[in-house]
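What follows is a single structure, and I will ask about it in a moment.
To keep things simple, chains are lettered A, B, C, D, E and F as they appear, and every chain counts its residues starting from 1.
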Amino acid sequence: MTYDTYRHFHVTTPAPGVSHVEINRPEKINAFSKPMWLECGRLFDQLSSDADVRAVVLSGAGTKGFSAGLDVQGGGGDLVAPGGEGVDATRKAKFLRGFIEDFQRCIGAIERCEKPVIGVMHGIAYGLAIDIACCADVRICTSDVRFSVKEVDIGMPADIGTLARLPKIVGSLSWVKDVCMTARVFDAEEALRQGFVSAVYRRRDDGHGGEGEAKEEAVRAAVGMATLLAGKSPVAVQGTKELLNHGREHTTAEALRYTAVWNSVAVQGDDMAKGLGSALARTTPRFSKL
Amino acid sequence: MTYDTYRHFHVTTPAPGVSHVEINRPEKINAFSKPMWLECGRLFDQLSSDADVRAVVLSGAGTKGFSAGLDVQGGGGDLVAPGGEGVDATRKAKFLRGFIEDFQRCIGAIERCEKPVIGVMHGIAYGLAIDIACCADVRICTSDVRFSVKEVDIGMPADIGTLARLPKIVGSLSWVKDVCMTARVFDAEEALRQGFVSAVYRRRDDGHGGEGEAKEEAVRAAVGMATLLAGKSPVAVQGTKELLNHGREHTTAEALRYTAVWNSVAVQGDDMAKGLGSALARTTPRFSKL
Amino acid sequence: MTYDTYRHFHVTTPAPGVSHVEINRPEKINAFSKPMWLECGRLFDQLSSDADVRAVVLSGAGTKGFSAGLDVQGGGGDLVAPGGEGVDATRKAKFLRGFIEDFQRCIGAIERCEKPVIGVMHGIAYGLAIDIACCADVRICTSDVRFSVKEVDIGMPADIGTLARLPKIVGSLSWVKDVCMTARVFDAEEALRQGFVSAVYRRRDDGHGGEGEAKEEAVRAAVGMATLLAGKSPVAVQGTKELLNHGREHTTAEALRYTAVWNSVAVQGDDMAKGLGSALARTTPRFSKL
Amino acid sequence: MTYDTYRHFHVTTPAPGVSHVEINRPEKINAFSKPMWLECGRLFDQLSSDADVRAVVLSGAGTKGFSAGLDVQGGGGDLVAPGGEGVDATRKAKFLRGFIEDFQRCIGAIERCEKPVIGVMHGIAYGLAIDIACCADVRICTSDVRFSVKEVDIGMPADIGTLARLPKIVGSLSWVKDVCMTARVFDAEEALRQGFVSAVYRRRDDGHGGEGEAKEEAVRAAVGMATLLAGKSPVAVQGTKELLNHGREHTTAEALRYTAVWNSVAVQGDDMAKGLGSALARTTPRFSKL
Amino acid sequence: MTYDTYRHFHVTTPAPGVSHVEINRPEKINAFSKPMWLECGRLFDQLSSDADVRAVVLSGAGTKGFSAGLDVQGGGGDLVAPGGEGVDATRKAKFLRGFIEDFQRCIGAIERCEKPVIGVMHGIAYGLAIDIACCADVRICTSDVRFSVKEVDIGMPADIGTLARLPKIVGSLSWVKDVCMTARVFDAEEALRQGFVSAVYRRRDDGHGGEGEAKEEAVRAAVGMATLLAGKSPVAVQGTKELLNHGREHTTAEALRYTAVWNSVAVQGDDMAKGLGSALARTTPRFSKL
Amino acid sequence: MTYDTYRHFHVTTPAPGVSHVEINRPEKINAFSKPMWLECGRLFDQLSSDADVRAVVLSGAGTKGFSAGLDVQGGGGDLVAPGGEGVDATRKAKFLRGFIEDFQRCIGAIERCEKPVIGVMHGIAYGLAIDIACCADVRICTSDVRFSVKEVDIGMPADIGTLARLPKIVGSLSWVKDVCMTARVFDAEEALRQGFVSAVYRRRDDGHGGEGEAKEEAVRAAVGMATLLAGKSPVAVQGTKELLNHGREHTTAEALRYTAVWNSVAVQGDDMAKGLGSALARTTPRFSKL
């Protein structure tokens, strides 16, 4: 499949089976207009069904940041005078409900994507950037990142997923409420300590004169992890994503049953035979596409 | 609205829109009798519907502690001979079920309060103190606090909310089971590391001879956060509280739908227009009461 | 009750009310064959109903590790050619579903055991070892432990409980997905920081010439915690386990109601009267078996 | 306890342990004003905790009908200009949410009442009358009743419980949607066939010249059933109500567990010993109050 | 909006606000090929968002039947050799899961359509016809209809929605299991008695020589009901559909809360003011589009 | 497999693939002692995994009835003095909880059995007989049957499944509460009208002198239905049972997802190919065991 047709995302293949998606509007710190989020939905749906893709890295183009969030001029306007003039509150509400759900569905494509997605946040990561990050499976960041659940500062609760997902993906609800209600900026170290990200990368001073920028380091690490994942059994990796997402929001009894039904076919494929065989023979297996 | 009628709670207004509630029985380390928990329910119901209140700080009067928990003489007695003499186990159970549910409802008013509640724990915070703290949105404490989920030591599982909420508000279930089953004391640093509190305050040695007590520092910080919240859009802040509480206990799909329905009216108010306008104009918006 | 009949587990009573269960196949790093997991289910069902047992410590025999996971030769084979030759995918699936559910049920007996279970992990703790650890109430480990959610490396998603339970028992889903999808090894410090374990024990250098091994230290600590729990009210301790497990997977409203019904009988027993009496008299209560 | 203080409800005791509640505003076909629904909540809370009451019959005073629903002049007005003039949509919504939830809570007291409630509908039973009927445990009616889920005809979805409960208490969702969306009138026979009511009573022509009105017959039957229930074990009857309400909205596995916990104390009372003894001795047991 | 572009569905407007959708492949008894179900999804999504449409009638073209179900040659083939030759069971399963979910989503568009949908079944209504009928809000049929949950007879459980929805939309699970497991034909009378349909129409012999066919009668009745619904408040009708669908699958407490949030904006529109005003003035209101 | 070892159940094979289970204690109207319910659990577990069994008929031996319920002398005694003398209420409750859950699990084996179970009720069907009937998939009865949810009359709520399942398997909750709270007897016609059974059989007067008893007719019909089911694809029939049981207690969205995962392997087997092939060729397929 080709990914040349996307205007707002730059998609490359830094390693076999690895897709690197860059949000590509650096001149606006990757702020999202409506055409961008619609494209985001289509892009991740395509990645999900593209058997050549086994792992995805998601980052923001440019040096300023991952994303400044919603581009108010480029999409937020619909929220202010919804449905046109002279429309009553109920009809505005219908318009808004549809608007928000379409928006949620497009961003949620990142979570629904059956391949693992590693999010790399740097610089500014405000508002919608957090909704997006919450949809990634693994979150890493640079030491200079500045996060903010910014929506309260424009007078509204965040509604593209942060408030639905954040309480389920980090441990401390006290901290979650603090940052979501105050809209204050938090940094990489705080994000790591709270479990929002699982690694922080900084500028490398490697003693050989060269100096790697923090973002380059983080992207390199993400591509490294993605390459590792791409070499593993896609049946195992994608099934693990599915079952962890299911497990986080079902009772243990429900999740165990679903796991048994899922694996009753997952272990029938060639991957487990290959995996077991290679483990015993201490060779490196090669798995087919999925 | 007036708050002068409460006997067991001292309510002040340290800043516009900020209510400071002190549990006011310092001579008993703020241990709760039945009249106190009944009053607690009424007080937080009133705060919830009082449009002049935008954020609440909850702390314990005196220097000894936030609360020593249930006042066994002043309320626990009902638990020992429930329903009177010669009553069979089933009829005792009916009495006890009603007793516990009333108690839960009164303490739960803190969580149901639509305004953000910042709990400040110091000194002794045992038993019921933990149930109460779990109902606050943000928990902070002093460096000298001593927490204990004490109920096991009087021969019963905690039943006013700790066991229902704690697994959802901190990350490590291994730690939760440790402290809930052993009833051991844990300190501020442990509480912070585990995410039970999101900040710890200590005595300030400010170099100018003065010396602030830890509790004063913590309350000052809490009032500061409450003042910050009171200046923000109440539509945004209160909606964020509601949606986070919903999000922590529903599937992502359910939570996204509820968010869309909620925001279909939340973004219609004046707050978002003001918020967006001020953001673009770089001015400070003033939001109406809610 | 006697525990002499178990072949694969070694059960001792290091203190009154405390059972120490050792997985007993050190020559294979305690890898599990099918007879072992069937026995595991029976053993923990017995511990659950044995009123002489008030707390359980679970560790692995030998110095090499807690468990190397599934013994592929001794049980995994069934997964490769399920149901025999010439069987269609649907019939294989039925066989596998039954196989996985029996396996889950046997390991899940550790979680269903009504007594608190303290898991002590050391050395190698791979694959099934994580599924087992997730079923313990409190997890502690030695400083030399090496954990891995290893299943991805044999081409399948983990299916005996790790993916169902891990998202509910630690805070950072980013970290959970990292370790579950990459199958990478993580150590004691990382496990502690992420809340997977709540304590790490290391070799003691006690200045008196003697030198305790890390595993001895950890087991000693676990037996100490178990002894502490065995001295407390079993009504309180076992009820706390039940209500925390319920609370982690139900809404707060459901959990509060269940708590009220549960405690409407739990507080009727002798334990609470004894506990309250002893608390007031500052004596040490002795509680009956449960 | 006394029931003389209620203005809008007439409460009598036609048989020992039986309370007959009449909605008492016949001149307005028992249309509900706000003071009435507030009183309804208090009344059923009192009945729930009054140990002298074992079964409740709920009917409407007068010959015209059970209830014409909401008294638009006496309460509905709040719905039209909520929160006062010049208020934005979000603030109106907050007012309305609170208004609706208070209203729901008052009417829901009929369902939460721990004693069985038998609803008797006659004549007009429109709008709120259906919300109320859905809260009763057993519904019977006269042959002349005219039901209508009327809310659509005043431009709103029913919100005091009909739409939440009706799909769970009758079988045919096709029929439920028909009557709820069209607001058409349906009669006794249709209500019986669809399972909305479980019995219909008509004017009796008893051959001795006398002639019973349909409503008298229905109330007599309801009082008869209530008298029967009042003679049975209140532990059994009230527990059955609780467990059926729980069972209708939980999975079978959840409901079975809850049942086991509930009955672990319910069968300890005197009632079961009496019940069993009387069954064996073929005598009539007398059960204590609950 | 235009509906001329659909090839497999014929869409007309028999009355203002009423859309009549005919499945239009009478020569194959309206059996569904893959292009048809894809089109079905798009069509009902369009109807859902088309403000000119207030109610939908869904029937099958021709005299032979509503639909003979899946066109095995035209779509079922994918189910037999999924994903191509030489593909292992796991990879086939991934293909099939995607295939089934797309199919479910397209048919589910009928249920997700925010406007009420009245399904009219006649003649043959087999297999997929039942999945489709279950998505309609109101189901009516002709006296000559022949229903069958036919999938068992081609060796598979029904998977496009019948087994998920049928237990929730009729009362007797014994009957549901009978017809779903045996695949036997059931007729109009049985469907009516079990609540699967809420009305049956037969050939009219009107005494004036004319003779109406059963299907014409049924469609006429459906258009009549749709016309009635189209004249009512769309805020009320569409909200009622939404809240009933929500209510059937949530606990009462959840459903009441959702209802309150929903109606906090629904009653703010013009419709309720108009509806109330017209009710008082005894005039006929005219409601705006939604 | 052999079924000769069961003492309390008589198992025959009236047709290939059909097992007929008779509760075999006619001299006590098939009242259940504890050994009987333990055996019931083992028997249905065996039927579930016996690939030679494709459908099960469950009836009661003798002419007096299906079952008189719990044999109070033979098992109920444990409920009266649970755990022995001098035991406190909490410890009694633990004993009772375990007792009830074991009992529930044994009876629930009928529902968990993966093969369809057709229950045939005749004569007396009281108390536990209803719990058992609720676990069958299809319920039929004789015209002379007398049903009663009898538990209220021995002073307890039914706890072996009736209250958990009945609200989900019939439509009218008003009727369910009536019969469960009053413990009144209801007959075949009422059971049919309410959907508790789906067919009633009566004595046949066939004009040729012979006269079939009602029970013989009903059993013959059940065996006929079982024979029909045994000839169909076991993948389809057993999957349909599983998905309907899942669908009745999950949201539509959850159920559709589970269905897709389930069928992603179910349609891969030989059955669908055979089924489709036979449908096209108009031949009768023969399906392998499952």
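Heads up, the rule we're going with is that a residue touches a chain if its C-beta (ideal position, glycine included) is under 8 Å from a C-beta of that chain, and two chains touch if they have at least 3 such contacts.
Fair warning: this is a prediction, and the values are worked out from it, not measured in the lab.
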| item | value |
| --- | --- |
| Residue-number overlap at the chain E/chain F interface, same or different (half cut) | different |
| Which of C-D and D-F has more C-beta pairs touching across its chains | D-F |
| Cα-centroid distance, chain C relative to chain E, in whole angstrom | 50 |
| Inter-chain centre distance, chain C versus chain F - centres from mean C-alpha coordinates, in Å | 36 |
| Contacts with two or more other chains, residues of chain A listed in rising order | 89, 92-94, 168, 170-172, 194-195, 235, 250, 261-262, 264-266, 268-269, 271 |
| In the complex with chain F, residue positions of chain A that touch it | 258, 261-262, 264-265, 268 |
| Contact footprint of chain E on chain F as seen in their complex | 116, 136-139, 168-172, 194-198, 225, 228-229, 232-233, 235-237, 239-244, 246-248, 250-252, 255-257, 259-269, 271-276, 279-280, 285, 287 |
| Touching residues on chain D, where the partner in the complex is chain E | 72, 76, 79-80, 82, 89, 92-94, 96-97, 100-101, 104, 108, 111, 151-159, 161, 163-168, 170-178, 180-183, 194-195, 249-250 |
| Sites on chain A touched by chain E in the complex | 49, 88-91, 93-94, 98, 235, 265-266, 268-271, 288, 290 |
